[in-house]
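The structure follows.
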Amino acid sequence: MEIVRKIDKKPYDRLSHVSNCTFGPLNEPMIWVKPKEIVEIETHDRFGDIVKIGKELKEIVKEGLLRFVNPVTGPIYIEEAKPGDTLIVEILDIRIPEIGVITASPDSGALKGLVEISEIKTKFLKIRKGKVVYETSKGSKVEIPVKPFIGTIGVSPEIETISTITPGRHGGNMDCPDICPRNKLYLPVFREGALFSLGNVHAVQGDGKICGTALEVSAHIKLKFDLIRDKKVDWPRVESPEEIMTICSDKPLEDAAKLAFMELIKWMKSDYNFGEVDAYTLLSLAAKLNITQMVNPLYTVTAKISKQYLQ
Amino acid sequence: MEIVRKIDKKPYDRLSHVSNCTFGPLNEPMIWVKPKEIVEIETHDRFGDIVKIGKELKEIVKEGLLRFVNPVTGPIYIEEAKPGDTLIVEILDIRIPEIGVITASPDSGALKGLVEISEIKTKFLKIRKGKVVYETSKGSKVEIPVKPFIGTIGVSPEIETISTITPGRHGGNMDCPDICPRNKLYLPVFREGALFSLGNVHAVQGDGKICGTALEVSAHIKLKFDLIRDKKVDWPRVESPEEIMTICSDKPLEDAAKLAFMELIKWMKSDYNFGEVDAYTLLSLAAKLNITQMVNPLYTVTAKISKQYLQ
Amino acid sequence: MEIVRKIDKKPYDRLSHVSNCTFGPLNEPMIWVKPKEIVEIETHDRFGDIVKIGKELKEIVKEGLLRFVNPVTGPIYIEEAKPGDTLIVEILDIRIPEIGVITASPDSGALKGLVEISEIKTKFLKIRKGKVVYETSKGSKVEIPVKPFIGTIGVSPEIETISTITPGRHGGNMDCPDICPRNKLYLPVFREGALFSLGNVHAVQGDGKICGTALEVSAHIKLKFDLIRDKKVDWPRVESPEEIMTICSDKPLEDAAKLAFMELIKWMKSDYNFGEVDAYTLLSLAAKLNITQMVNPLYTVTAKISKQYLQ
Amino acid sequence: MEIVRKIDKKPYDRLSHVSNCTFGPLNEPMIWVKPKEIVEIETHDRFGDIVKIGKELKEIVKEGLLRFVNPVTGPIYIEEAKPGDTLIVEILDIRIPEIGVITASPDSGALKGLVEISEIKTKFLKIRKGKVVYETSKGSKVEIPVKPFIGTIGVSPEIETISTITPGRHGGNMDCPDICPRNKLYLPVFREGALFSLGNVHAVQGDGKICGTALEVSAHIKLKFDLIRDKKVDWPRVESPEEIMTICSDKPLEDAAKLAFMELIKWMKSDYNFGEVDAYTLLSLAAKLNITQMVNPLYTVTAKISKQYLQ
């Protein structure tokens, strides 16, 4: 019988924001977990469970209750993890509630200054039988199939403490829809115990996450950790049953894409016996490139290649 | 019985390069076609039918035979088309030969200066039963399903004459895999007769076309033209049975993406009764964003939304 | 006694816009000039001598009189100039009138979407004793010393025809304040006769030309042409008595800067006996980098090094 | 008689790297200082006093002695400084030794992948009578006047801990030559006591700092602190006797420039009675824009306007 460790979310308040809203070496671990243990973790939505608060975002902002967004649950100390290892995070399950929220604001989003929007707009959307019910302000409705994934997930950087709104080598706010059940995420370990945190689950998200948010939900997540010892990935990677993928973040967007392709070529060389130019031309014929978000402080792309081309 | 006009490609030589390798108002039409006529057009591959020449690209370059690439067939004068109209190009069929070529060079490609490559590499790949046989330099083989599309397609700009290696509002070298059979391409008309040209068919292409080329083939293309009178799109658009899509080109890549999303929002407002903020949030939940190429002088993206969300 | 050829500007009307507002191989030369002849050229201001028209820009736009801006005088056919040569343009004198115009618009400028501006604003400014009298809308006045230079100057590209609002390897709309009396401009020759044109003089301009225009004036310009035969610069260069400078245009801005620095290193290697790494470190200590404009379709930078460091 | 507090640099070793090489709220203050006190501070050079170590950089890197560069002296706790204030740092004097170092590396610098450089190059340069003696590898010498300034200077961010190689709103590695004697730097205060640190003095630097380093020196710096209470600048600002300047950092470079111009317009509006459009057009005629560096994780620009245009 599988043993499961249960980890509740921390209360979200202003006093605890530094550890709730950052990845960093000085944040105190909230729990110790062994490799191969299965854990069940509760996470807040991006706005600290705004759905339960039941208020429009603009009111919450006005009341000063939301200076820091994107609270994460953690840090979780992974026993035996040490700098130079790779942390494997196997995503077993994500359960989400029957409601989520999407917001658009004049001050953020990829189309800031282009789309006409006078104040923060908040839409609470229902989730029914695996579908989000999207309703326009004119009242027409369409259904979008849910595809839940973990938006913010990562480990402590080596010396920096980074806001949970920013993605990077340590993971963080990558908003990558492939960090979902069935898949494994690989993260570099920079500090003893890795200091892993996660949160910001999205029920569904379009490419680019262009208005700045997706369908933001709280969640109940089931994970299993493992380690690759003494071998560190340089950037986060994902493996699904069908594909290998690299996730890189930078600005401008083409620099993130170049990084992700170079990481994918490195992976094809080290694990699949490819020469550099062969990998380059094969990717030019068969790669997939996903713009996961272009709204966070750095932009994130996922470069992918099907395993059927790697035999 | 359908009447079909047949249009052969022009000989590819240095003397005719200006009209072969540009889109512009001063290029002489090679043929006059009426709206709703079906035309069958032959096109060169990107290197002026290198496959028939049967030489490595580096030799051709050395001999000075390839100062201008991407020859197109055209201009085709579309009768009745006038500035302010939209040209509809319905792609009925693309037939390709059993061989194509992909090249990688130290001086071009998205990973220039990053990938180690000492000289131009040329791979001639066979196409068998709808699959490209990709062979690595170590001799292992994989098969990639073909998905032919028109890489370079467009009309004359208003006053500029633009190289066929550059994409823009006039179309051009967009390298968009959705310009393929079953789909309709919409192009703005800037000059009397539109002055339409096309070429540079790819048998298959990965996102980003990162090594600078895809599987380059000559082709036999069947098209039908039509016009929307007195209503001009601002950038090329594509409609498939399932999706509407906008294709924009700029640098850096995020600017191309922003343009494409703004064009998509305009389309959703004008034809599908959406408010601006509703369109913005729906796209944040359900848009697809395809990086078609990040190697041409401007980068191209395609922003898409499923028609099932537009009812 | 010096012989001077006088060249008047062409009438600026809608019918002649293609040749007035582009650089291209198919534009008809208006005059033939020999190397070492001195020429005196009249140029329109950016808006086709708006000052004489005496109307606000927004009215002119409304009347449809200004679809193409930046008219140039030319093409001037430089006898003996052939592809592969470098054209030297020595700027002897620029005389400007006592009035100029600066405009700001909601649809253009580097701060588009950031600065609040509801409609096109036009300021006619007086020039007195070498100073521009700048008056705010609140009535306070300051004086800015004039420093006239040629904003748009270049030759025909090889096969493309490029709008006079765009800069590039052929020169064009570089907006570089160092293209001024005392200095020599070097341009690559792509076509027989070079097909040189110029216009768009600015009485004074700040770095970046951020609102989209500078102080736009008509002008009377005195030049002398010369040729370097069989040796072509790759991008425009300027030499002043004190400095050598390279002018490159691209997007994003850092790519323009990288190009300009690489061109400067090439110049230091070929003409001043520098090794590549020596040039690199010396520039890191002593280069000047001028953002001439970040509002045209490509952005332009000038990289400079003092001749006193090149002995 | 002025009272001066003397602050020595901390030993630079691997164990103390987190506080030596970051700006952050959890770093322990090393000294408490009152507003208006004059302080004298010792700083390391960028490589932890490499000049004293007397080894080539590549050897130091090989020995693993240099995983973190850019050590700073601090944090200095400024008494009475509180979130929402502005810290004024008046730079009274910078004294530097008679030797500095510049390095170039294949893995960094603006021209990475473009300039041919096979391994880390180290040049130790002498400083004599206010001039740097630059010697090429071929033995020729030129003299460059020194102009010492503080490359890295800033306060603690609100919740993040940021490496001293990165610039931002908190200051940090801005590499701005205007942070020099005679000038005042304004920094936003995010935490009680501001937690001010500084280091990384450059004897002289070209625009862009393109090879990744300038002439790196240790230094002895004299400063006076002061506070503007309850009024916070959004980004670092500098005031010289002649100019006001804003310093912003972002990628791509044009985004940093846009931020800096917007901050300058805000300053002109709040303190000099300008309307937004007046400020915009005046800057388009008379602004200076300095690219201080394009080699750090974010790029830094300084936008400037002469005070004589602000009366």
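Chains here go by letter, A, B, C and D, matching the order in which they are written, and residues are numbered from 1 within each.
One rule holds for everything that comes next: a contact is a pair of C-beta atoms (placed from the backbone, for glycine too) under 8 Å apart; a residue touches a chain by one contact, two chains touch by 3 or more.
Not measured: the values here are computed from a predicted model.
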Checklist outcome for this item: Rotating chain A onto its identical copy chain B by a Cα superposition takes an angle, to the nearest 5 degrees, of 180
Checklist entry - Which chain pair is joined by more contacting C-beta pairs, A-D or A-C? => result A-D
Checklist entry - Since chain B and chain C are copies that touch, is their contact same (over half of the numbers shared) or different (under half)? => result same
Next on the checklist: Rounded to a whole Å, what is the gap between the Cα centroids of chain A and chain B?
Outcome noted: 34
Checklist entry - When the centre of a chain is set as the mean of its C-alpha atoms, what distance in Å lies between chain A and chain C? => result 48
Next on the checklist: Suppose each chain is reduced to the average of its Cα coordinates; what separation in Å results between chain A and chain D?
Outcome noted: 34
Item to check | Per-residue overlap in chain A, given as positions that touch at least 2 other chains | outcome: 114, 251-252
Item to check | List of chain B residues in touch with chain D within their complex | outcome: 112-114, 252
Checklist entry - Tell me, which parts of chain D touch chain A in their complex? => result 17-18, 21-22, 24-26, 68, 159-163, 250-252, 255
Checklist outcome for this item: The chain B residues in contact with chain A across the complex are 102, 104, 109-111, 114-117, 121, 123, 132, 134, 136-138, 140, 142, 144, 204-215, 251-254, 257-258, 261-262, 265, 273-278, 280-289, 291, 294, 299, 308-311
